[in-house]
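Quick one: structure below, then a few questions.
The first chain written gets the first letter, and so on, giving A, B, C, D, E and F; residue counts start at 1 in each chain.
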Amino acid sequence: MTIGILLEMAQGERRVALVPASCASLIKAGHSIIIQSGAGAEAGFPDDAYVQVGAQVAARAEVLAQAACIAHVAVPTTAEIGEYPKGTSVITLVYPKRNPDTLAALAQAGVSVFAMDAMPRTTRAQNMDVLSSQNNLAGYKAVVVGANAVGRIFPLMMTAAGTVTPVKMLIYGAGVAGLQAIATAKRLGARVEVTDIRPETKEQVESLGAKFIWVEGLENVRIEGGYVAGVTDEILQKQKEAVEKSLFAADVVITTALVAGGKAPTLITAEQVSKMKFGSVIVDMATDAGGNCESSQHDTQVTVGGVTIIGGGNLAATVPTHASELYGKNVVNFLAHIAKPDGISFDTEDEIIKATLVVHNGEVKV
Amino acid sequence: MTIGILLEMAQGERRVALVPASCASLIKAGHSIIIQSGAGAEAGFPDDAYVQVGAQVAARAEVLAQAACIAHVAVPTTAEIGEYPKGTSVITLVYPKRNPDTLAALAQAGVSVFAMDAMPRTTRAQNMDVLSSQNNLAGYKAVVVGANAVGRIFPLMMTAAGTVTPVKMLIYGAGVAGLQAIATAKRLGARVEVTDIRPETKEQVESLGAKFIWVEGLENVRIEGGYVAGVTDEILQKQKEAVEKSLFAADVVITTALVAGGKAPTLITAEQVSKMKFGSVIVDMATDAGGNCESSQHDTQVTVGGVTIIGGGNLAATVPTHASELYGKNVVNFLAHIAKPDGISFDTEDEIIKATLVVHNGEVKV
Amino acid sequence: MDASTLQLIYLIVLMAFLGVELIGHVPSVLHTPLMSGANAIHGVVIIGSIIVMGHATDTASIILGFAAVVLGTLNVVGGFVVTNRMLEMFRKKQ
Amino acid sequence: MDASTLQLIYLIVLMAFLGVELIGHVPSVLHTPLMSGANAIHGVVIIGSIIVMGHATDTASIILGFAAVVLGTLNVVGGFVVTNRMLEMFRKKQ
Amino acid sequence: MIETLLPILYLVASVTFIIGLKMLGSPKSARKGNLIAGFGMCLAIAGTILFHTDSAGTHLHNIPLILGGIAVGTIIGWMMAVKVKMTAMPQMVSFFNGMGGACAALISLMEYKETGSVSAGHGAATMAGLIIGSISFSGSIIAYVKLEERMGDIRFTGQQLVNNGLLLAVLIVGACLALSALTGFPLALLLTAGALLFGVLFVLPIGGADMPVVISLLNSFTGVAAACGGFLYNNMPMLIGGILVGSAGTLLTVVMCKSMNRSIWNVLLGNFSAQGAASGATEGATGTVREVSATDAAVLMAYAKTVVIVPGYGLAVAQAQHACHQLENELEEKGVTVKYAVHPVAGRMPGHMNVLLAEADVSYDKLVEMEEINPEFPTTDVVLVVGANDVVNPAAKTDTASPIYGMPILDVELAKQVIVMKRSMKAGYAGIENELFYRPNTSMLFGDAKTSMSALVAEIKLI
Amino acid sequence: MIETLLPILYLVASVTFIIGLKMLGSPKSARKGNLIAGFGMCLAIAGTILFHTDSAGTHLHNIPLILGGIAVGTIIGWMMAVKVKMTAMPQMVSFFNGMGGACAALISLMEYKETGSVSAGHGAATMAGLIIGSISFSGSIIAYVKLEERMGDIRFTGQQLVNNGLLLAVLIVGACLALSALTGFPLALLLTAGALLFGVLFVLPIGGADMPVVISLLNSFTGVAAACGGFLYNNMPMLIGGILVGSAGTLLTVVMCKSMNRSIWNVLLGNFSAQGAASGATEGATGTVREVSATDAAVLMAYAKTVVIVPGYGLAVAQAQHACHQLENELEEKGVTVKYAVHPVAGRMPGHMNVLLAEADVSYDKLVEMEEINPEFPTTDVVLVVGANDVVNPAAKTDTASPIYGMPILDVELAKQVIVMKRSMKAGYAGIENELFYRPNTSMLFGDAKTSMSALVAEIKLI
């Protein structure tokens, strides 16, 4: 099967769906690769590198014409959807719950779409799980972005010119991104506090040396498939109160809280922002899903009353080299599961195909 | 004595010469403080905080009129020099060797200037040593800036989507900034190699867990007062050869090399840059002194053949809260040494005054 | 109590202390080899059988004595060899 | 060699082993207290002086014996008390 | 001259026993200690044959027969000892111990036949040797047979009563014979039979897992029996060797019980109660779980060539990374090659193990990816699994119904020895049983990983 | 009944000696061990007075006088022992040891006076007790006087020759008397004089720093002398106690020499050569440097209430931060409060110590700034300086000529005990001597900081 790679057209997207190493694996598995010239450049992979592993470098139109399957990263833009020849399979991020319009457009274009982000969070599917691989990098990067923006250094230092106190950090959400953010912030020497509403995260947070802010009644939160099932407003209110002291003392705040693909919960109100420390920084990683902070704006930085709020929806794209490497590996593993050299299987008996195949035969499946 | 603090006018300067805590110490020592409204805002210290410790907040003109001594951070701009009333003492960074014109202008303005950067690097003067306190922060920040710019994450990670290899970092110069950069990069998980031409830095570098690149003949380099005395071109050439392999493999390069206040040595040529890894990043911390990298530009970021080169001359100013705290403490210690409540001593018998008093009685002293 | 018996009692008490002192802190992997080594040492009972055999005159005694010597030897030889084999694993790696 | 002497020799050899075994791994801060404690123990020589004194009849012997008892007691009492004082520092903190 | 040679040889032999036993207590010197004691034994035997005289000064007779007996014993003993499989060692020890007991009993029997009971002391020694030797013999043989698995545990109601009665009878008859209140060789034979029977009944009900303790106890019995012989013949090496083994063996028995967290009484008598069979090994759904002590684990690792550490989420929970790095250092100092096998999904976030190990300053070069380390397991001596579970669960390869089926795992079960550190038999993230824990080459080191790790480090330092 | 009571009391006493000595070997049990041995001693003394009979069955005479003697000895001994200053303990031990030696010598003398030499064995024991007791007495007294600093080292040419000659003469005369080749009480008195003189000459040339070794040696001598008494009277506690002290004392002497890195011969005879005075204490420009072993340092810290660790550049060079954190943990487990005093310029870059300690996961709360910790030093039990030098140099406060004059430093010298870990006496960054190292409350633990630190941790675990 010919797999095509295109230059990503979404704003700020620097990743590429397959890096040379992943192309090599696919070619070994019997597929052929055609890539738009310059598609990997922003991620640090020049055309040469692709040619070396046996991929064919071509113009965009050529790629679109030849590829039976297109490996893609960002949610396809309207322009991109318009280009796809009918019958093409597209493997990409879609976030079906948040982007019904995109889905409809894709269905209309007559393509089959596999949503990498809809991968089941099972042990078996772990090596195809792009949410894990990308959020992990994003969690790291959120700390770096915060460290870059705040007017302080992270670690404690006792020097001849006095003692520099360590940065106080508050992290909302200890999922994949949150945990990596904890680890990175601890490495840099910050004092880290964390809140989440899944009770089992307490142990995980502590296993990384951070402090978990316990909320009364947390033990009753129900979990389904790794995601929070039903969160009462009461508990969210209690959480808000429990973390307020830490929030107002924090120098850097990172929010990562999501609820199973839907709209992100609002965890920091504008009123709370106004009471935060002068000079503090919030990195809101949930802006793609509406944001955890009321004052945050998607992909831009705003300053409100001395507090800098950074909308970091797509931080993985800012470490494109590693992000593409991991994304590519996920795609390779996924293709190994769903495709043979002669084509892709759309057998929805398979749990993984069932979960990811969101558009097929002109129909939206979710 | 009335000490004045002005809003810094140099471009990109976000620090303030005295923070509220330092003002409190000075007031306790019998001085009075007058500060331009908003002078501390960028550094995270609103006017309120100054008022609370007993400082007087006023308009710029008022401060200039009342202060017998002005505590300042950045090298004074022409505009600033023009404002100083004759006879005022100015405590500031000057870098006399690099800025003869500024010195001349200051002398002409009839002010007395203490260059904080000319502080002797003795044990006694350590708590007034702004080069140490500021370069230390800058060294930390250089790594953060590098981490923010590079398309990779620093640590090794073995994940379900494959292994992410750690960033390779090369650091030129293991002075105060270089050592802190090593420590920070190690914390984030990078593999760090270091080059310096003072042989004793080998042990210091290794004490931080990094690898020192030994250069043949290094043991013969002479040191005077902590600075390199005579470096032959031969050894510089040998160094260039010894580090080349590491340079071409590096993902992030930080250069901090200075030679006793003068022009920084050129350590990375444009030709070498062209051979560096696609996607790598150079943070040149010596651009204030001409830069260690031929292709770097002061305070801006350029990309040359896939290599991003960041001119980071004044990185301490990007962590203004902590930087101002430490600078302020240095100034307080310095004033404790040179000033009584009734005024400043210009007694050049004193080693510290002799070294720092660069302009006095209309004369340039260096 | 005569001096000799008294001394014997002291000897026995001291031996008991010494035995306990000697074992002191033994890692438990060595429990079995140690037991086996001790087993070999009490094979010293063979000396008794040799003496008995050496003084035996009637056939019954000779047969019994011979049996005792054989059994004692089994204890000694088997004990030391088995112990040695068990201790093979502690041979230093080269 | 008679049985009693033989046993005495064994006794002495075993004692020597036991003494060495007992000291084994002693931290060097304990060297002085240990020496002092051992010093007190050999004060047991006082028993000899008591026996001698108990059988003494002529004045010279009585005087010498008395001296021996006093000296021996000094050894015993001084030894134990000094040792005890030295060991004060190892009293557990409360 | 000649007559002082034997006492000297005997003294030397006695000293070698002491030194040998001492050296057997440390892994470093144990082999040498065994050889030294063996050498002393040869001296004592040769000396006896060459120089022994009775009070009248006559040398030993029947020398050819004696040498013949020794030759026969040597050949049989040697053959048995070198042929036995490593796994069958304990029963072999038991067997040889029984031989020693029988020998002691025979000596006493012959002594009684020849001289009867000369004095209370002499009689007591004779009877003690006879009774203890007999019990040791028959008990050891039963232990041997049980360990060979040719016999199960036999218990019947009133067993304890029968045992106690028999023992009492044996002791009373023995005392009477010793004090010459009763006399006669047939009675002595009856006594022997009674003692033999007691030995059998004593060991019969005790479970297989407790056998090592029983053997150790019978071992110290034989020591005492040998000492009785020493008393009879005023023979110092027998006395010294016997008592030494008697006291050391008793301590060893107590220590063995302690390391099983039980009292000696519980081991010997606990079998009569229903739950008696509980011991170091636990029967689980899938088989038997073996526990290992920190000391044993330490010795295993210290004498290994290669050790692979498999960190998991438990390492993070216990915050044992620093202790783990220290273990690595200690092992490397002992010449062991140590690597870490990092599974891609170990822990609870990508790179969790990397974060921890970096914090503890473990060199990147020591971390090996799953694909690279898997082929190395068959040649690995010891794998130390630290709080990992799912990532080493063989079910992922075999059990299609398992939720982790298809996930590549670390094939630790191929290594010679696997030591698993965790707090309990509880499941990991995936919530499934792990068959690895029941494998014959796996042993569990239960407890918080940090505590266990520190214990390991301390033990390794002592080796 | 009564006549078996004494042997039992004696046996108990002997056993208490063994147990007491054993317990004296560990800090945890030492006090108890001393009390136990003391208790046994009381039993033995009381038993002797009450129950002792000679072969004829007569009890002891002169009981009032005996009790009087004991009373006198007790009062004097007690007074001396409780009054002596802690620093004068070693000479006190020496004094009491001398008393024991004198006692043994007196017994032998009286025995010889009463009975002469009955047999070779008896004579040998008598003479050995006389000679060894006398040497021990006079030697101990000289050691006592020297430690009280009332006498210096006295050496003259040919001293060794004189000593050896005298010793030979004493031994020959002693042997002759023992074998009855010579007889006569005056000769015995002469022999005593000779032995006393030898004791004096033997100790005279040995340097003050080596006195503990000499005292330990003389201590084991007295033990042997006491054992001779035991042999004379067939008295088991004397024999047991004496030999026990003789063997343990000899080992202790050897161990003490070893911990000074010297052989016992070097200590005893080395004084005749010029460099003989070298010992654990080194004379430096500014005074004497005391070394401390890891074991001692460990005990000091484990029994402290508060320990403050002062890290310096050496910690970084040695990469000892992980081991240091472990030390902290071990100490805290023992109930010791541990803090880190971080000097603002320790290391080679601002925050150097913070970076290291954070890497080792030391809690931020344990790091204390200079201004805060300085007032706490006077109440600190032990300060452990790890590879720091300039930052604890008191010259910064006092010596205006010093390049570091005026720099605020950590006032560690105010603590009760300071232990300094470094590799040598070399200077730090500022290149200047550090007077702290010569203070009386400072001791040096030389070696690479990581190695020393690991040794400390291992030792503390054993306590």
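Rule of thumb we're sticking to: a contact is a pair of C-beta atoms (placed from the backbone, for glycine too) under 8 Å apart; a residue touches a chain by one contact, two chains touch by 3 or more.
Given the structure is predicted, the values throughout are model-derived calculations rather than measurements.
Asker: Show which chains lie in contact with chain A and also with chain B.
Answerer: E, F
Asker: Spell out the chains that contact chain B while also contacting chain D.
Answerer: Output, common partners of chain B and chain D: E, F.
Asker: I want to compare two interfaces, A-E and D-E. Which one has more contacting C-beta pairs?
Answerer: A-E
Asker: Which chain's C-alpha centroid is most distant from that of chain F?
Answerer: Most remote chain from chain F, centroid-wise, comes out as A.
Asker: Determine, using the mean of C-alpha atoms as each chain's centre, which chain is farthest from chain B.
Answerer: C
Asker: Report, in whole Å, the distance between the mean C-alpha point of chain A and the mean C-alpha point of chain F.
Answerer: 69
Asker: I'd like the Å distance between the centres of chain C and chain E, where a centre is the mean of that chain's Cα atoms.
Answerer: 17
Asker: Whole-Å distance, chain A centre to chain C centre, using C-alpha means?
Answerer: 73
Asker: Can you check how far apart chain C and chain D are, centre to centre, with Cα atoms defining each centre and the answer in Å?
Answerer: 35
Asker: Would you give the residues of chain D that are in contact with at least 2 other chains, written as numbers and ranges?
Answerer: In chain D, 3, 7-8, 10-11, 14-15, 17-18, 21-22, 24 touch at least two other chains.
Asker: Could you say which residues in chain F touch two or more other chains, in rising order?
Answerer: Where chain F meets two or more other chains at a single residue, that happens at 18, 22, 240, 344-345, 350-351, 355, 358-359, 361.
Asker: Can you tell me which residues of chain A touch two or more of the remaining chains?
Answerer: Correct list: 126-127, 132-133, 136, 155, 157, 159-162, 164, 187, 189, 209.
Asker: Can you work out from the touch definition every pair of chains that touches here?
Answerer: After working through each pair, the chains in contact turn out to be A-B, A-E, A-F, B-E, B-F, C-D, C-E, C-F, D-E, D-F, E-F.
Asker: Residues of chain C touching chain E in their complex?
Answerer: That would be residues 5, 8, 11-12, 15-20, 22-57, 61-62, 64-87, 89-91, 93 of chain C.
Asker: Which residues of chain B touch chain F once you look at their complex with the stated criterion?
Answerer: Touching chain F: residues 122-124, 126-127, 132-133, 136, 176, 179-180, 183, 187, 203-204, 206-209 of chain B.
Asker: In their shared complex, at which residues does chain A touch chain F?
Answerer: Within the complex, chain A touches chain F at residues 155-164, 166, 189, 191, 209.
Asker: Given the complex with chain A, which residues does chain F contribute to the contact?
Answerer: Against chain A, chain F makes touches at 342-345, 350-351, 353-355, 358, 361, 364, 367, 369.
Asker: Please output the residues of chain F touching chain E within their complex, sorted ascending.
Answerer: Chain F residues touching chain E: 322, 325-326, 359-361, 458, 461.
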